[in-house]
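To keep things simple, chains are lettered A, B, C and D as they appear, and every chain counts its residues starting from 1.
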Amino acid sequence: MLKVAVVGTGFIGSVHAKNLACHPGAELVAVNDVNLESAERIAATTGARVVANVTEIFDSKDVEAVLIATPTDTHVDYLECAAQAGKAIYCEKPIGLYYQEAEQAVSVVQATGVPVMLGFNRRFDASHVAVKQAIDQGEVGKIEIVQLTNRGPRPPSIEYIKVSGGQMRDQTIHFFDLLRWLTNDEPVQVYAIGAALVNAAIGEAGDVDTSIVSLQMASGALCQIDSSRRAAYGYDERIEIFGSDGLVESRRQNFRGMSVYKGRKIIEDGLHPNWFERIEQSYYQALDAFVGAVTQGIAPSPSLEDGLKAQLLADQATDSLKTGRPVRVTK
Amino acid sequence: MLKVAVVGTGFIGSVHAKNLACHPGAELVAVNDVNLESAERIAATTGARVVANVTEIFDSKDVEAVLIATPTDTHVDYLECAAQAGKAIYCEKPIGLYYQEAEQAVSVVQATGVPVMLGFNRRFDASHVAVKQAIDQGEVGKIEIVQLTNRGPRPPSIEYIKVSGGQMRDQTIHFFDLLRWLTNDEPVQVYAIGAALVNAAIGEAGDVDTSIVSLQMASGALCQIDSSRRAAYGYDERIEIFGSDGLVESRRQNFRGMSVYKGRKIIEDGLHPNWFERIEQSYYQALDAFVGAVTQGIAPSPSLEDGLKAQLLADQATDSLKTGRPVRVTK
Amino acid sequence: MLKVAVVGTGFIGSVHAKNLACHPGAELVAVNDVNLESAERIAATTGARVVANVTEIFDSKDVEAVLIATPTDTHVDYLECAAQAGKAIYCEKPIGLYYQEAEQAVSVVQATGVPVMLGFNRRFDASHVAVKQAIDQGEVGKIEIVQLTNRGPRPPSIEYIKVSGGQMRDQTIHFFDLLRWLTNDEPVQVYAIGAALVNAAIGEAGDVDTSIVSLQMASGALCQIDSSRRAAYGYDERIEIFGSDGLVESRRQNFRGMSVYKGRKIIEDGLHPNWFERIEQSYYQALDAFVGAVTQGIAPSPSLEDGLKAQLLADQATDSLKTGRPVRVTK
Amino acid sequence: MLKVAVVGTGFIGSVHAKNLACHPGAELVAVNDVNLESAERIAATTGARVVANVTEIFDSKDVEAVLIATPTDTHVDYLECAAQAGKAIYCEKPIGLYYQEAEQAVSVVQATGVPVMLGFNRRFDASHVAVKQAIDQGEVGKIEIVQLTNRGPRPPSIEYIKVSGGQMRDQTIHFFDLLRWLTNDEPVQVYAIGAALVNAAIGEAGDVDTSIVSLQMASGALCQIDSSRRAAYGYDERIEIFGSDGLVESRRQNFRGMSVYKGRKIIEDGLHPNWFERIEQSYYQALDAFVGAVTQGIAPSPSLEDGLKAQLLADQATDSLKTGRPVRVTK
C-alpha cells in the first residue's frame, strides 16, 4: 500500500483523493488545502488526516508519495520541496506557468531521482489507449495526417482565463501531449490561428477561445488541432490518425444509448455534458499507473520531460498566434 | 439483347419498364396495360410499342421474355399463356391468390420448360446479399436465431387490404422467402399473433396490420418476423442472423448522411420515407439477374418453387393467426 | 445513513457490499456468508463486521436493512425472518424457486409492512430508464410492438442450469419484468419456443439455451423476447419499443469508442465482454433508489408484487415451452 | 426539352451524356471528342449524333446548350466559342489552367450574357445540401470552425499530376468552393502545409499529395481542409460545421449496410471504394439544376464568379505551400 498525501483539494484534488481512497494499492494518509474546510470535507469521507501546513506533508515520515493538485503558480515550489523530501510525485499539469521556471524545477527534481509522473490523464482514456495500441501494432502504417478535436462545453470565468496562460497552455496543451505520445514523433513547426468568437471579453484579456493549430512533424506527417472553449452540444473530444494503411479513431461518445425514431429524424441522446464525465475514468487509470510504477520501481510515464515538451509547444503556438507567423520548434 | 414485353404498367410495372429501357443487355419492345394511357406514357419515354390486347404480347415473334406485373388475380393465367407461348417469364409475387391455383399453374409452366423467375427482389438488395454471403462463408457459424423486421411506412387502402389475401400473404411473404433463402433451411412450425392496431377497419376486413410470427426451422433454429403496416419514422426493414460464431445484420439505413448536434441530442436525418426508396436498386438487380440467367441459359432464381414455398408459409401463418394455434408446416 | 447488512457475499453480494461501502447515504455494518472467508474478504476492505450466524443479522439492533444475496432456495426463509425482525429488505430476484412458496412468503412479508425492494436492477440502467421516460412522455404514442433481446455471453455450468429453474425463470425473467415496467401493461397470453442449440447437455438437463417468447398484452400490443445463453461477440442486451408515433430503443453499447478503417471494412471495438460490465452501474443505481426510498419512507419499487408477476410469466412461459401451446396468463 | 451537346466524352463527359440521355427535360443531341471512337460509343447507346469537328457544335442550330468536359487547357477557348455562339454552358471545373486566362475568359463570356454554370457538383450532394439548409436555417448559429476532409482513394498517374496544376488546384479546389458556399463567407487569409508522403515522384514533380490548409474567414471563423491523394479504406469526404449553437455534419457514408459481430469486434462494410461511387448522384442533380435554371431563365449557380474565387484560393494556397508563409487573400 503506497501512502499518499494530496496537496490541494479543489475539484481535481478531490477526484484524486476519492480515487486514492478506493484504490486497493494505495492509502490516502493526509490532505492539505489553503481552504481548510475543503480538506476537512475530503478527510471526513476518506479517513485521511488533515494537515494544515503544507510543509508538514513533506516532512511526514508516513507519506511516501505526494499528489500536487494546487494552482499552477505553486507547482514548481511544491515539486522541488516534495522531491527534496524524497517523495514520489504525481503532479497535475502544467509543471509551471513559464517554460523557464518549469525547466529549472525539472532539473532540481531530476537531480533527486525521485519518481515523478505528470498528470496528462488523457493518455489513460480507454479509447485513446486503444488508438495508441492500434498505431503501435502498425494497423494504420506510416502516419500521415493527425486530427485532434477538443471543444467545450463552456468557457471558464474571465478571472480564470486571465491567469490561465491562454488557450494553448491551458487547454490545447493536453493535445500537444497526446500528439507526441500517439505518433512517437516530434513537431518541427507550428502555426496557430485563433479568435475570441465565444466571448469578446476573452479577446480583451489577450486570449482566444477558438483556435486551429497546424503542425508539421519530424517524420513529415501533418497535424491539425482544433480547440474551442464552448460547444453547444456537450463535450467533444476526438482523435483521428490517418496513415498509409488505414485510419484509427477515438470517436465521439454518447452519454447513454437511447435513440428515438420519429418522422424523418433519428434523435439520440448525445455527448457527455462536461469534459469531466467524458474522461472521469482516465483519472483513476492514471493514478493506477502511478501507484503501479512507484511500487514496482519503474519510472512513471508521462514524465516531467513530456511535460516540458508539451509546454514548449504551447509557448510556441502562443507565439504563432500573436505574430501570425509559423514558428520553428526549437528549445 | 433480350427482347422483353412488360404486361401491367402500374407502379411496379413502370419501374421494371424503365429499368429494362436502361439495361444494356435488354430491350423493352412492348408494353401492355388495361389502362391504355398508362402503357402509352411508358412507351413515350422508352420507345417501346403499345400492345392493346395482351394476347398479342404472347403471340409476338419478337418478344422473347414477358414480365408480368399485373394484379395478382391475373398471374396464373398470364403465366400459363406466356409459358405455352415459349416465353421466358419474370413474374411479380405472388404466383396466385390461392395456393392451389398457384400450384396448378406451376405444374403447367414447369411442363413447358421455359425459364421463370419470381420477383422476390429483396434477395437482390446489396446489404441483404452481403448478409447471405457472410452466412454462406460461415462467418456466423450455425444459425440459431433469425430476426426479420419490416414496418411501414403507411397502410394501403382498405380496398387493397380486402383483396390482398391478408398481411401474411401480401407483406410478410417477402420475409418468409428471405428466411428460407438466407438460412438454406425450411420452417417446420409456424405460430402467428396479430392485431389491427393501426386501423380498426383493417380488423373489420378480417385482417391484421401488426403481427409477430415465430418459426422453428428444421435445423432447430428459431425465427421471429415482425411486420407492421405503419411506421411513423419511414420504412424500417432489417435482417439479423445470430449464430454460434457471431451475428450478421443488414441494418436500418438512413436516406442521407446529415447529423445535427444540439443541446443534449444528436439529430440525424432518418430512414427512407418509403419502402420503394429503400429497395429501389434491388428491382434493377433482380432484373439484371433474370436477363443474365436467360441469356446464359441458366435457370433463374428465385424459382416458382420458391414462390410456392413462401406462399404455403403465408397460408399457414394465416391459419395460425385465425386459430390461435401453432401450425406444422406440411404441404 | 441507512445501516445495512449484506447476507450472501458471493459475486453479486460482493458487488452490493462495495456499492454500499461507497454510498454516501448508507453504511455497511455487517456481512454474512456460509463461506466465512468470503465474508471476511469483504469486511477487510469495507470495515464491516463479519457475522458468522445469519440469525444474528436479523437480531442486530444496529441493522436497519438487510440485503439478501444468497442462493435462491434461502430467499423465502430470509425474507420472512428479516421482515419479522422489522428490517427493510433488498432481495435479489427471484423471490423463491416456486411460485407458490414465493406467493406465501410475500403474504407473510406484506403483513409486517416493512419496505421491500426486489433486485430487478435492469430497471435502473441509464439507457433503459431513458426509454421508459420517452414512453411515459408519449414520444412513441400507443405501444404496438416490443422487442427485447438478451444474449450471452456464455452458458453457466450444467450444475447451475440444473438448479436454475430453467432459462425462463433464470434469464428471461428480467425481461418479463422490463416488459411490464416499460409498457405499464400486462401480458395476457404467452407462447415460447426453444431448443438446446448451444450445449446438448442443457437439453438433457430438461432446459433450453436459446428461446423466443411471443406475448400478447392486454392493450393488444405484441411482444417478442429472444434469449440465448451464448453470444460469440460479448453480451447483447437491447430494448426496442415501436408505437403509433415512433420508435424508442436502448441500443447495443460498445465497450469503448475505437474504430479502425482498413480496406473495405470498418472495425470497431465491440460489445462488453460480459453482462456484468454492461449493467454494472445499474446495481449502484438500484441500491441508491432503495436507500432513498427507505430513508424517505416511500415504498421501494420494483415491489414483491412485481417479483411475483414476473415469476408467474416465467412459469407460464416454461409451461408453453414444455407443451408447445400458447398459455393464457392467469394466476 | 433543352437540346444539349457534350464536348469531351472521357470519363466525366460520358457520365454527363448518360445523365442527359435519361433526363426528362433534356435531349442529348450531339457529342464530340478528339477520340472519335469514344464519341461513337456514347452515341450508340444514347441516339445522339457524333460531330467530328468541335466548331460544328457551336454552329449547330439545334444545339441550345453546350456541356464542356474536355481537358482543362481547352476550357477557356470553348467557353468563349460557346458563349459567342449564344449557347447556354455547363463547364467542368476549373475555368482555366491559370487565373489570368480564366479571368479574361469570364469577362468575354459575361459580355455575351449567356447562362453559364460551373461544374462544382459537390454542391448538389444530398447530404451536403442538407448541411447547407441546416446552416441557412440557423441550426448551428454563428459559424466558428469548419472542418473539411477529402481523401483518396488512389493518386492519379504522375503524367496527370504534372499537368494538374497541383493538389490545391486539382483536388482541394472543390473544398474551397464548398467552404464559400456553405458559410456564405469569404476567406481572408490562407496557410497551407503539405508533403509528398504517398509517392516521392509526386514531390519530384513539384507537387504534394497530402496537405492541410488553414483559413481565416472575413467573419472571424476558422477553417481547416485536409486532403490526401490516397486513402487505404476507400474514399473519405466529410463536412463538419461547428457554430455557436451546435454542429452539423455530412458524415462518412458506408457503401452498404452490413455488419458482422464477432469476438470483441464489430466489422462493417466500409466506405465507397471510389470518389465516383460516393458522389455519382450529385452529377445528375447538378445537371438537373442547370437544365431547370436555363429552361426557366434563371441564372445558374455555381457561377463563373464562383469558379474564379475558388481558383484564386487554390492559387494562393499553392503560394503558401511554396513559400511556407500565410497569404492574404487579395485579387
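Keep in mind that, in the parts below, a contact is a pair of C-beta atoms (placed from the backbone, for glycine too) under 8 Å apart; a residue touches a chain by one contact, two chains touch by 3 or more.
Because the structure is predicted, anything quoted here is derived from the model rather than measured.
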- Task: Report which of A-D and B-D is connected by more C-beta pairs in contact.
- Result: A-D
- Item | Chain whose Cα centroid lies at the greatest distance from that of subunit A | B
- Message: I'd like the Å distance between the centres of subunit A and subunit B, where a centre is the mean of that chain's Cα atoms.
- Response: 57
- Rounded to the nearest Å, the gap between Cα centres of subunit B and subunit D is 40
- What parts of subunit D, by residue number, touch at least two of the other chains? 232-233, 236, 245-247, 255, 261-263, 269
- Query: subunit C touches which residues of subunit D in the complex?
  - Reply: 232-234, 236, 254-255, 261-271, 273
- Message: Taking the touch rule as given, give the residues of subunit B at its contact with subunit D in the complex, in rising order.
- Response: 22, 24, 45, 126-127, 130-131, 134, 139-140, 245-253, 255-263, 269
- For the complex, which residues does subunit A have touching subunit D? 141-142, 144-145, 147, 149, 151, 189, 191, 193-195, 197-198, 210-212, 214, 216, 220-224, 226, 228, 230-233, 236, 242-247, 324-326
